[in-house]
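Here come two complexes built around subunit A, the first alongside subunit B, the second alongside subunit C.
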Partner chain A sequence: MTRFEIGDRVTVRDATTLFHTRTQAYTRGCTGVVVEHRPDWIIPEDEAWGRDRDGRTEPFYVVRFRQSELWSDYTGFEIDTLETEFSERWLEPAEEAAT
Partner chain B sequence: MQRRVSDIGPVERTPLDSPYTISTDLYEALRHIPHDVGGQADLPVPYLEKEEENWEMNTYVTCECLAWRGVWNAEMRRRAENDLGATLYFGLPYYARWATVATKTLIDQGLITPDELSAKIDEVRARLRKAAS
Partner chain C sequence: MGAHHHHHGNGHSHDDHEPIREAPEISEFEVLELAVRELSIEKGLFSAEDHRRFSEWAENIGPAGGSRLVAKAWTDPEFKRRLLDDGTATCAEVGIDWRDPTGKGTPSDYTYFYVLENTPDVHNVIVCTLCSCYPRPVLGMSPDWYRTPNYRRRLVRRPREVLAEFGLHVPPSVEVRVHDSNQKSRFMVMPMRPAGTDDWTEAELAAIVTRDTMIGVAVPQVDWTATRAPSELGGHR
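So, the complex of A and B:
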């Protein structure tokens, strides 16, 4: 059971990680779109400590960001995107922008 | 007595000697994980056409074999590289990081001892020096 579906807009949490993470700092707080479900896997925060068997398992998602969302001074094309992967704990539903 | 003691030690502590507190901004910078450099200020790096060298592939295969034998997994290797700290992490070439954390992990697990490792490094260094002369 996955919390997010393909096409959902999600925001990356800005959680503290002192020692190890695979959630890049430049994605924190940024909003993108879920484009792919990845198989459940042990979260990096447990796997990095050798918890291959008893580590916490979560769904992973590939999220696509506009480059201009990630870099405020981005000078490339507006259609340029970047895709990267997160375990479920790092994502929350994007708040709909006030229109 | 107080004067005699003051003669044998510095009256003022060098600020860098031992920080007892640091600012929140400095902590924010220090808690940044070494490998996570995307978006940080840096200088342009020249693009080099570089073939893999034997020692690099040997290091790679050795580390994969250590994983196969249950010493670690790839995520543990990456964490161990972070744990080297920024100076060693950015100072060492890519596969030298792998080799360094492989040895550190083997020592951590009691599979080799630091003096065995040092003796082996000295032995190889002596052999290379002899070959060069």
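So, the complex of A and C:
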């Protein structure tokens, strides 16, 4: 089961950067739209410690951001976007994040 | 590592020459790679012969596989549909074993492969800001600039400026879509087939689908290639 559906607006959590996450700093706190589901994969937090078979698996999502939502000083055009992937633990509904 | 060659210049006595300097100093990363490699061989994770064969494979693969994928997709709509639906499986049809590219076990990052189709409305370009992940079985080794912090930082933040530095000016009406390969997926761009190539063979088409067009920092050009045989361009029939 996936917590988010295609079209959902999601915000990337701004959680600890102490450990290996593969969640880029520049996406933290930013809001985008889920555009694709990926398979359940082992999360990098476990895989980084050699748990490449018995690590925890989670759904992954492709999230599309407007560049202007990632960078307040974006110099391109409003239609420009960026896509990247997140495990489910890094995402929350955009509405919750707004409060 | 290197043998110690002592070059004795003409007319110098053996006693008074300057100490011979070895080639440039080895970097910390090279020391680390050597140490990890030697430990891995000692522990039996792989043999020196495995390492040599992998290195030879990695240094010899180029972007020809990706070029063939795109050329075939341009001429065969059914193949194109399959390629966009399931990049990993469809690679095998042009002789690329994405799942087990070396035939010697699968590196953990060759997991999922997606082809991104450029359209009149969207121009795709790939980067990995976290390290420099790249679809090596399809495109070969990444170019040096792809791995630089400069490209990686700036492509996500100033994509149109970076593309312009490569000579590619994307019109304001076309969305620039950056793909940051931060997890398991690896990507390549399927450029648009240029006008004036209707009667071209697959091999002729493959010759204009260069590495950079599949990263997305360039688009295929017909002007200077159209008058040359693919063999002159390093294409393969």
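Heads up, the rule we're going with is that the second predicted complex is superposed on the first by the 95 of 99 C-alpha atoms of A that agree within 3 Å, B and C clash if a C-alpha of one lies under 4 Å from a C-alpha of the other, contacts with A are read in each partner's own complex, and residues count from 1 in each chain.
Following the convention adopted for this analysis, a contact is a pair of C-beta atoms (placed from the backbone, for glycine too) under 8 Å apart; a residue touches a chain by one contact, two chains touch by 3 or more.
Keep in mind that this is a model prediction, so the values were computed, not measured.
In the superposed pair of complexes, A:Gln24 makes contact with subunit B and with subunit C alike. Looking at the superposition, the partner that touches the larger set of subunit A residues, subunit B or subunit C, turns out to be C. Judged by the touch definition given at the top, the superposed model places A:Ala48 against subunit B, while subunit C stays out of reach. Once chain A of one complex is fitted onto chain A of the other, the partner contacts of A:Glu85 are limited to subunit C, with no touch recorded for subunit B.
By the touch criterion defined above, A:Thr16 reaches subunit B but does not reach subunit C. Within the superposed three-chain model, A:Arg38 lies in touch with subunit C and out of touch with subunit B [touch as defined at top]. Overlap of the subunit B and subunit C contact sets on subunit A: residues 24, 26, 44, 47, 52, 70-71. Interface of subunit A with subunit C (complex): residues 22-24, 26, 38-39, 41, 44, 47, 52, 60, 64, 67, 70-71, 74-77, 79-87.
Across the interface of their complex, subunit B is touched by residues 16-21, 24-26, 44, 47-50, 52, 70-71 of subunit A. On subunit C, the positions that touch subunit A within their shared complex are 108, 111-112, 129-130, 156-161, 172-185. Within the complex formed with subunit A, the residues of subunit B that make contact are 31-33, 36, 38-39, 72-73, 75-76, 78-79, 82-83.
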